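Chain naming follows the written order as A, B, C and D, and within any one chain the residues start at number 1.
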Amino acid sequence: MNESERLAELGREFHKRGWVLGTSGNFSAVVSRDPLRLAITASSLDKGQLLPEHILEIDGAGHVVGQTQGKPSAETLLHIAIVNSLQAGAVLHTHSVWSTILSDYHMGSGGFFIEGYEMLKGLEGVRTHEHREWIPILENSQNMESLAAETRSALQENPGIHGFLIRRHGMYTWGKDLTEAARHVEILEFLLESVGRRQMMEPQH
Amino acid sequence: MNESERLAELGREFHKRGWVLGTSGNFSAVVSRDPLRLAITASSLDKGQLLPEHILEIDGAGHVVGQTQGKPSAETLLHIAIVNSLQAGAVLHTHSVWSTILSDYHMGSGGFFIEGYEMLKGLEGVRTHEHREWIPILENSQNMESLAAETRSALQENPGIHGFLIRRHGMYTWGKDLTEAARHVEILEFLLESVGRRQMMEPQH
Amino acid sequence: MNESERLAELGREFHKRGWVLGTSGNFSAVVSRDPLRLAITASSLDKGQLLPEHILEIDGAGHVVGQTQGKPSAETLLHIAIVNSLQAGAVLHTHSVWSTILSDYHMGSGGFFIEGYEMLKGLEGVRTHEHREWIPILENSQNMESLAAETRSALQENPGIHGFLIRRHGMYTWGKDLTEAARHVEILEFLLESVGRRQMMEPQH
Amino acid sequence: MNESERLAELGREFHKRGWVLGTSGNFSAVVSRDPLRLAITASSLDKGQLLPEHILEIDGAGHVVGQTQGKPSAETLLHIAIVNSLQAGAVLHTHSVWSTILSDYHMGSGGFFIEGYEMLKGLEGVRTHEHREWIPILENSQNMESLAAETRSALQENPGIHGFLIRRHGMYTWGKDLTEAARHVEILEFLLESVGRRQMMEPQH
């Protein structure tokens, strides 16, 4: 299976799991590093119907290259920012209910910690549940240049993080390849649901 | 696939997703505009078993025409009111848990705003998360003439809305065609679940 | 499809929907009225694996008759009590999370009302959302004779109800046939989840 | 189907139900008792993709034996401790949202009781809902020798229990064979969700 087929399959699976409803979500994978070539979802597609022909190839400036045609995802610049900052091989943006509401709830603190959970060990490089994972939250914006700049800053100021949220706009995570990035989605979605529900239990104490 | 096949398929899919349990929900699509002909679900059917032969054709007064036979959905007049008021090409009424409880919770204010969510951009014509979407709530009634009149008023008083709730009775949304209307269901259901769960988190502050 | 096949299929479907996990739940359908013969699930089966050969035939005293062999469901006497009291053609006992917790929460009042919900119209004979449906709750017991007697009393004292709960033990509903009884499960499960979640929203007021 | 096939199938099913996301969860079944041989999942696998070749055979010291190769689950010593302490034939470790948050919520009391639920009768040897099931919670650790020792103590101090939680790390349960152990997972997950949601309803009183 090539990158386009894997991205399309991932899209359909994530849609079924409620993580990329409507036309939300976008996915990319590095095809070559030098010069940078990314396989990325086209803009405004129903992810439940995603097919390999909906995956475009872009260069490091976000322009469509090669034999593919169409308009790449509006959030292309964020994918490129993450790939360049972290040498990531794949970037996945999902948009679940739990990431949406936690990104709003914790906006005032600019993020929140997830710590003490065994499931954190599913994140690359984490060896113990005693890990403290900071989840930064960026303010949402329709200005992609400025949101990409915010992304670069957040990645620089928070070395070692595995994902971040955009306010009321879901989650970004990544990995050295698509398999690792997809595992990070599953791990982080589990953790977000867990801390979200845990918090709703608090008042009974 | 013709309208009947698509409406039947949509019904079975929405049933699986918990949006039209029992015999709840009804769906229509414009077949011709002048004279108005609507393909619409027959009354009192299990949507999980919906087949093309369960779709009737009606005229602008709600009478069955053409080769189909049966009793059209009890809420036929609402579909016609929406099609006529907005030139919509398809109308979908779903009945999820979240639309049901929010329609009750916010009844006192006659509706509520959803704003600041990126997912709002999945609604036709919305270009930014800074959009403020008003979700009007109508009091429920078994008198379909009066409920259709309420619907026409609500649509006139709230230009640009993408859907409304009926108290403890679910949601109506629409689109220029079935694809757009189905996307609106998915988007609005996501948003209703998000604002519902977000609200349940509030007391921890 | 005969009764055994339909009951087995229903069991597997309800298991998938989380309504009869483990060996919980039991189902019956009237095969003949005079003398009374019921097709009923055997005791202690995994409903996710239910097959037609797991369905027994019993008489009005709960004894296995005909060519089937095995031990009928422990709750056989409740099924017979409901069939005899209401002339029901099918009885379904499910055991969902929402029926379990609401049966505990409202035990002190002996039951609770569900009213004002459009979905109530999915219950046989209900024509308007203005219907007030009383959901009695019986104290749980391992003494099936006494629980059957409690059931008969509850049905007599509450004419017109469509189901009842047993404390921390799930729901019983019925219908003139399996199709109607299965619809009642779907309707009541929706309503229980709706009133349960609605209640959890209350403190924000 | 042999043990490896059944363990692999169970893994894929549990993944679909959200009980072993990412690489969480591990499963074992006794192949022979004297000398002890366990079929057990290899370390760090995506349970949604589990295949028979991912199942290793180990001896009573946790070393891989026979024709299989690989690194057994990091929690192998816990499986051996449970098999030896209770003569269990199968051990299943799942990692659901509800077990994770309840293991945190009740850590201060070292565990919690589940009582009065009919569903408890799905646990081996329980004959009445009046049963009181203690769910011990162990503090999480990456030191498997010490966690295995804690497990042996907990099993000795709490005879008759059917499972335990590890803080923010999910649940362990077991059975005389895989069928019974898998039923215990389903029963305990239901009960954990029920007591968790029940608790979130409390403040309305």
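The rule is simple: a contact is a pair of C-beta atoms (placed from the backbone, for glycine too) under 8 Å apart; a residue touches a chain by one contact, two chains touch by 3 or more.
Quantities reported herein were computed from a predicted structural model and do not represent experimental measurements.
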Query raised in the report: Taking each chain's centre as the mean of its Cα atoms, which chain lies farthest from chain B?
Result: D
Report task. Same or different, please, for the chain B to chain C contact, judged on whether over half of the interface numbers appear on both copies. Result -> different
Requested in this report: State, to the nearest whole Å, the distance from the C-alpha centre of chain A to the C-alpha centre of chain B.
Outcome: 31
Query raised in the report: At what distance in angstrom does the C-alpha mean of chain C lie from that of chain A?
Result: 44
Report summary line: Residues in chain B with touches to at least two other chains are numbered 200, 203
**Report entry** chain C-touching residues of chain D, taken from the complex the two chains share
**Finding:** 116-119, 122, 127-130, 183, 186-187, 189-190, 193-194, 197-198, 200-201, 203-204
Query - Footprint of chain D on chain C - complex, ascending - result: 21-24, 46, 95, 97-98, 100-101, 104-105, 140, 142, 166-170, 196, 199-200, 202-203
